[in-house]
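Chain IDs A, B and C follow the sequence of writing; residue 1 opens each chain.
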C-alpha cells in the first residue's frame, strides 16, 4: 500500500474553508502544500516551505499582488513559486530552487490539486453535476475527515458493497440483503459494482428515503470508482417489482485523497432524488435521522473497523486477503486497475526521461 | 530481554471479565488473540484476525454453535479456527489459512492460554489452592494492570526481596529489616528466596496483619517462582522467638504474562491466614488500610521505579547489572533458569524439525 | 545538526530550583544527569543511574555526608561517583563502573555543568555581571523552557536579527526597521551582529523602555554569541541623532543548552539600564506590558516558527538554507565557527589518544 496515481486531480479542501486572502496548509500525496486565495478568488498552491530557512509559507500572509509572504523574514512568492520580493538590503532575489507549484481549480465546492508532472487534464475531474447548485436534486450535508489508514483500505471498503448487510445491519442492509443479485465490472476508466436486493424488509435508511412505512422494497446499491479519488454511490429503494426510475434514492459522492502512505482525507457529499412528499415536520425529522444514520454507519462502524483492519495488517506484516467468490470481484478489479494505472504512469515517466536523454 | 517460555500457561483475563457470549481481545506473548465464551461457559481463543480482510474477530459477535462471527463480512469460525459459514453467494468456504487456535482452560478465576506448539500440559499450571473458594484462608482483593516494561523486570523486582527495606520503607520493611538472614536456591522447576528478619520494629503492613500494637516481631518474606508466570509471595509476622506456624501472614500470588517484548500484564490476588480476631469495625479499618498500603507499594513505589529503570536501560542501550553478594542470588538464579528453559525449548523445537525432515 | 562543543559549561537548572538536600534530574548534551545539593550548598552531578540495577539515582534521596542514596536498594554514592556504602550483607562495595561525575559550579543564579573530558576552565563561563545582584541595572524576570528543536535552530534565530522586523512586527521591529545599517563579524571567541535603525517609529517594546510617547527613535539590536551556550542581546532606543549611551536599553541574556540532538533548554534573564523615571503606577504598568510582549514574541512567534521550520526540515530530509546577502552573515559565521570548534575539539581528543598510545 502507499501508492497512488500522480497525474490526476485530488480535492484538498472545501472552497469555503479558504476565504479571500486566506492561506491553509494541507498534505496531499505525501507533499506539504500551502494553498491561498487572492482578492478575486483565484487559488494557488505551492510546496509549503520557504527556501531561505525552510519556514512553512502557510505560517505567513497573503499580500497584495496575490502573493504569499513568508512569516519569518518576509520573502514574497507568486503562484508559480518564484520569489518576487526580498525586503532586505538591496532586495536581491535569491537564486535558490523555487518551491514547487501545483495547478489548482475549484469545482463542486472543492479545491482540487493536480499532483503529477504531466499537463493538468480537466477532463479527468469526476462529474459532480448531481451536487452542483444547478442540480435538480435536494442537496444533503457535506463533510470531511482525516483517517489514519492508507487510502486503499477506504476504497476497498466502498467498492465492497456486501459489507453493508453485516457491518451496517439494520441501517443500510440486513440478513435478507445478503441474497443480492450482484455484478461487478470495469470499463477503460472505471470500475463498478452493483447489487439488486429484491423484496426485502427495508433497512432503516432505505425506509426513510422511500415510504417510511416499513413495507418491503426492492433495494439497490451501485458504486462506481473513477481515478484518482472519486467513488459515486447510488443507494435507493423502489416498490417491489417496479423500476429504479420509479423509486427514490441518494447519490453519495465519496472522494478519498491520499495524505501520506498511511493516512488519507475523506470528503463526502450527498443528493436525494425523487424523494416522496412528506409534511414539513415529518420531512425535517426524516432528514435529521438520515444524517444521524450516515454518521453512525461511518464513524461508529466503518472507520473503527478499517482502522482495526489496518492495525491487524501492521501486526501481520503483510496483507494477503482471502478472496470470496462474488462479493470480492469489484475490489479485486479495482486493485488490479489502480496498480496497472500506476505502472502505466511510471512507464510514461520513464519514456519521458528516455526521450530527454536521447 | 523479550524472551519467554512458549510451552506453558499464561493468564490472559479474569474469568468474570468474559461473560456468556462475550468476546475480548488480549495480546499475549506478542500474539493478538480473541477469547470468547459460549453458552455453557466453554472458552475458545483464536488469533485475532479474519483471513478474508484481516478484520479482528474481536470486533465481531459470538453466535450460536459457539462460533465467533466476523463483524465485517460475517464469516463464522469455530474454536479450532475453521471457517464454518460464509453467508454470501453459495456459501463457499475459503480455503485460506485458518487463524491459529490456542488451548484454553479456566482455573483459579483466571482464563489461561497455552502459547506453545507442544501438547498442553495441565501439570504445569501453578498451584492456586490458597486462592480457591475451597481455601480456608480469607480472600483479599484481586486485580491486574498493564505495565509498559518487559516482564523480566517485574520478575526481577519480585525475586529481589531486599528492596522492600528501602523502596517500601515503613510499609513492608525498614532499616532493621536490612539485616536479614537470607537464602536463595532452586529446584528442577522452581527458584526461591527467603528472608527471616528477627526481632524488628514492625513495618505498618506487618503490624496490621499481626497484632496491630507496634510491638517487635519476627518477620519473613519468602517467594517462589515457577514457570511460566507464577510468583507466590509469603509475607508474615510472628512473636519474636516463635514460629511461622504460630504467626500470621499473607499469601500474595503474582502472575506476570508477557504482552510484547516491552510490556506485560500483571495479575495479583491474596489470601490471609491465621489473622487475629478483631472487632468487626476494627477489622474493616485494617482491611481498608492493607489495601491502601498494597496499592501505594505497587503503584507509587514499584511501578514507577521499574519504569524508570527500564528507561535508563533504554538510554544506556544495554543492561549489565552489578551483582551484590547475598541479595542478588535469587534474581541471578531466576535469570539463569529462564534462559536455560528457553534454550531447552528451542532445542526441542529444532529436534522436532529434524525428525520431521528425516 | 545535533553536534555541540563538549569542553564547556552549560547551565542545567536555576540554583533556586535545587534546594538543600534536593535532587533533580536533567538531560544535558544527551546525558541523563542527577544534580544534588548538600547541607552547605555544595552541588554535585553524576550520571543518573545506579550501576546495580540501573535505577536512576534522581529517584533516591540526598543523605548525610552529601551523598545520594539509590531509592531502589540503598547504595550510596559520593559526588565523585564512588559507591561508599552498601547497606546489605557485609556491605561489600561492588567494583562495577562508577557513574560518571561532572564538574559543577553555581554562577549568576544558574548551576553549570562541565560536559567535556578536559579540565574544567572557569574562564570559559560567559560574563553575567549585568545580571548579578551587584549590577547597577534593574533586573527583569527570569525563566526557562524546554524546546523540541535542535539547539542550533534557536541560536540561528537569535543571531539573525533581521527577523524582528517581520516576525516580531510591531513589538521589536517594523517595516521601517528593515532598512537597517547592519554589520556582523567575529573574533577568536565570539560572533556578533549589530543593527542600527535610525529615525523610525518605535515598535511597542522600544517605546515602552524609552519615552513611551510614540515619537521617533534611533533603535539598535546587537547580539554576541560566545561558546558554549551564551547569547547576549542588547536592544535599545535613543533620541534620533543621539548616542547609545544617552539612550535606554535592555540586556537580554539567552543561554541555550543542548538536551538531545533534537531538543534543548532555553534559559533567559534580562536587565534594564538607564530607564527613564516614571510615576510608580505607570512604571508598574510598563513592566507588566514588557513582560507580556516578551512572552508573546517568544511563545507565540519564535517558538512555533522554529518548530514549524524544524518539521519542514524533517520532511525535506535535509537543510540547505538559501543565503540572503547582509542579513545572513552572522548566522553563517556562527555556523562556521561552531563547526570549526567542534572539529578542533575532535582533533584534540584524537591527539590525546595518540599520545597515550605512543
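Keep this in mind: a contact is a pair of C-beta atoms (placed from the backbone, for glycine too) under 8 Å apart; a residue touches a chain by one contact, two chains touch by 3 or more.
All of these numbers come straight from a predicted model, not from anything done at the bench.
If you take subunit A and subunit B together, the chains in touch with both are C. Of all residue numbers used at the contact between subunit B and subunit C, under half are used by both chains, marking a mostly different-residue interface.
The centroid of the Cα atoms in subunit B and the matching centroid in subunit C are 48 Å apart.
Taken residue by residue, subunit B touches two or more other chains at no position, since every residue touches fewer.
Subunit B makes touch with subunit C in their complex at residues 156, 160, 162-163, 165-167, 175, 178, 304-305, 308-309, 311-313, 315-316, 319, 321-327.
Taken in their complex, subunit A has these residues touching subunit C: 32, 48-49, 51-56, 59, 70-74, 86-90, 92, 94, 96.
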